[in-house]
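In the two complexes below, chain A is the common chain; its partner is chain B in one and chain C in the other.
Let's turn to the complex of A and B:
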């Protein structure tokens, strides 16, 4: 099993680190799936039996890596690694903090434990290059277990697909609502209305967004599709505004599921939020 | 005694205080002849820091005491002093000067700050005790490297913010900074970081045989903070593992800062001695947790760059640590070869009985081991009642029998 990748463009380094830093807030652990064309971060929902994918993040390797070699398992030529996002984030954070980074190499190495090694080449003031090596411990997922992470959750026949309001504004509101209750009812209408409602026995607080672009609506325009979800988990997703997405779509399956789809040039994040019963 | 400081220098003093505050909670102020000394020690007594300001630093400096008298000294809470110098960045613009004064028997230290708008603010800082802290350390050690603050901060930035200890591995051509890997923690839980610096990047580089030394990053960060603001280079002086590391920042003949930090010894568990010896005067609202330095060290003398060697080396170093542990202890008893340790005695002028000190250290060492374990189990609030209670009036921090001594 071999993996080696090299990032040279400063923009790509910044993008890569901001994605890792964002995903780090979603969950402690993640599975990094390396394939010949893509890098995927797969985050599972905590304490869910059977395992359920919460976030599925796809990075196109061509847009990030100048050099990329992989010699993986099976026919698909894949490597699945389990790692603590926080550890990776702390190492990745240094490309942001330190200027004059010349290149970043990602390698799979076998030290005391299997490690994802980041070799960061820095330029010193006297023109020499200096090497900083971070060994992030990982667990290699065996082929038998890798099946769990093989497939992206299927897309359903959603009731409505609607453009999300500005994430920054929404995050601000959701963070306020967090103080009231643990759950929020997200509802959308074919007419371009979206509503975030928190109900407690003392008060009901609803925030309405109008004029949103509806991509697909399988019901009448007036019919409301709504899902009651965990407020905390929704607010975790909203951290993604940090990577300045081009487009965020919210797919709603009435009473069951919200599927947030975030797209930004070479990155795609899918976030699945299951409904919570009253 | 009374001294005046002018605008720009107030900023230096403020920076120095901020650096000291990162080390300890109490500030010891001493006036010895032509110099003002600000000293502090951390709660576990694993680190000591001092700043020496010579009389050229001041616009006016007067001890107002005869040479026969005892030089003025006092201990105040770091927090109270820091409140006066909260914002070192904007200080030189707002402040014209400051005046520091106190009487030998006073209960307050008076700090008058002259603002550039004409107003004067007077602070009365309560004196906790009239005691001083003395430390012996030597500067003529075999390893000496000097680096600009910029180089070091650039290097340390690559480490995690919450990194506790780092290992400095030196060889004639290269220097490595590495995360210290503790044998107790699972290797799958930590990121191992390694950074290589070339000898040519340092301003001065005197290194003989390859050597690895592990020390706490916190104090280095404090020194770097000061050095960066004053754009002075940092000199790192060190000896074999287990002996203290000294960080020096010096502006020739005006002021200098010395930070002495204990290093993890190669074999034996580290000397710990926590200072909880007090009740009467000490105003420390937040007693920091006892840092656990009682741990088997893993550092090895050889610079380990080959990744494949890592496993075997780990095993071998553990084995050597067991065998040499007893030897080391005996040695320290025989040769009075004590490293950076604390003694509490009632009279500083008396010659120290080194054997006593050593015995005390060993006994404290054991009790501390229990204590730190207890702390782990019961939380930091737990106090072991059998711990020796010592009334402290004078402290002597001894490093080596032939070490340099600043006090008289």
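Let's turn to the complex of A and C:
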């Protein structure tokens, strides 16, 4: 089993690091699936039995890596690694804003334990070359267990697919609502309205957004589709505002599920939020 | 205004409109040291009272002139609500405003016992808050007549704030002395390990008006004065008075973003000396 990849473009480094930093907010652990064409981060919901995918993030390897070789398992030529996002995040954080980084190499190494090794090549102000090596310990997932991470959760016949409001603004609002309660009812209408509502014994607070683009609506325009979700988990997702997505779509399956779909040129993040009963 | 909306309007006992919510929210935030607040509304304006353990009372007076519209269809309204929630609601769209725009607030109160409705709007985003209200509980009535005022100092708040920044935050109690003779105004902080004095003479730049007929000194719990120290930070002028019984009265003049004035009064009872 072999893996080696090299990022040279500063833009790609920054993008890669902000994606990892965003995803590390969602959960402690993640599965990194490497294939010949893609890098995938698969995050499972904490304490869910059976395992349930919470986030499915796809990075197109062509747009990140200048060099990329993989020799993996099975017909699909895959490598599945389980790792602690925080460790990876603290490594990628070092090349997020530094202009002196020349290149970043990612490779799979066998040290005391299997490691994802990041070799960061730096240039000092007088032109000397420095190499900084980070080892992130990983668990290699065997072929039998890799099955669990083979499939993206299926898309349902959603009641409504609506464009999300400005994430930055929404994040500020959600952070305020977080102080009032733990749950929020997210609802949307075919007329382009979206509402975030918190109900406690002290107050009811609803924030409305209008004029949002509706991509698909299977019901009448004024019928409301709503899901009650964990406010904290929703707010974790909103951190992805920092990768400046081109488009974020919210798919709602009334009473069951919110599927946030984020698209940015070479990255795609799917975030699944299950409904919480009252 | 058309007839249908005006007839609907008379259904409400109270309604008010404020162009910029930031005229109101910082003041309420400054007195939000306890959750529960009693709100009084009469034709002169709005008074929000917060109390702590029957020893401390802070009240903010927001005149009706601060509001662009202010309609009260009864003599007086009194109710209780959770101020922490109200402050959160008022600041919900704080970071959403683009440069040069302000967040508008509409307040409605339909009838006795109904919730206080806040409608906050900014650049197409609307937040509708419905705050449950409770019947008012009796609040403390401190008697602080202006006629037999023993002593009074008015400070420039910015200077006083700087001076109080150095105060020992581990103090248990604070003693305040006002006297016609030097040191004129002394703050003594007492903690387990140390005692510290801060003297401000009456000719200090920080003092705007100083009047004292006879020396008086009283001791207060530090934790009960802490909210007042916070209020100094947001005010532009602060007056301090102490009556014969040692009751301490702060008055704060707070300038809002639209350069209007809101007054806050803070009363605190003294500690009984155990010696």
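Here is the rule we use: the second predicted complex is superposed on the first by the 275 of 278 C-alpha atoms of A that agree within 3 Å, B and C clash if a C-alpha of one lies under 4 Å from a C-alpha of the other, contacts with A are read in each partner's own complex, and residues count from 1 in each chain.
In this section, a residue touches a chain if its C-beta (ideal position, glycine included) is under 8 Å from a C-beta of that chain, and two chains touch if they have at least 3 such contacts.
Since we're looking at a predicted model, the values are computed, not measured.
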Touching partner for A:91 - first (chain B), second (chain C), both, neither: first
Chain A residues touched - chain C or chain B, whichever exceeds: B
First, second, both or neither for A:210, with chain B first and chain C second: second
Which of chain B and chain C A:144 touches, first, second, both or neither: neither
Contacts of A:49 with chain B and chain C, given as first, second, both or neither: neither
Chain B contact footprint on chain A (complex, rising order): 84, 87, 90-91, 94, 97-98, 109, 111-113, 115, 120, 122, 124-126, 128, 130-137, 139
Chain A contact footprint on chain C (complex, rising order): 82, 85, 88-89, 91-96, 115, 124-132
Chain A contact footprint on chain B (complex, rising order): 150-151, 154, 157-158, 160-161, 187-198, 200-201, 307, 310-311, 314
Footprint of chain C on chain A - complex, ascending: 165, 169, 172-173, 176-177, 179-180, 200-211
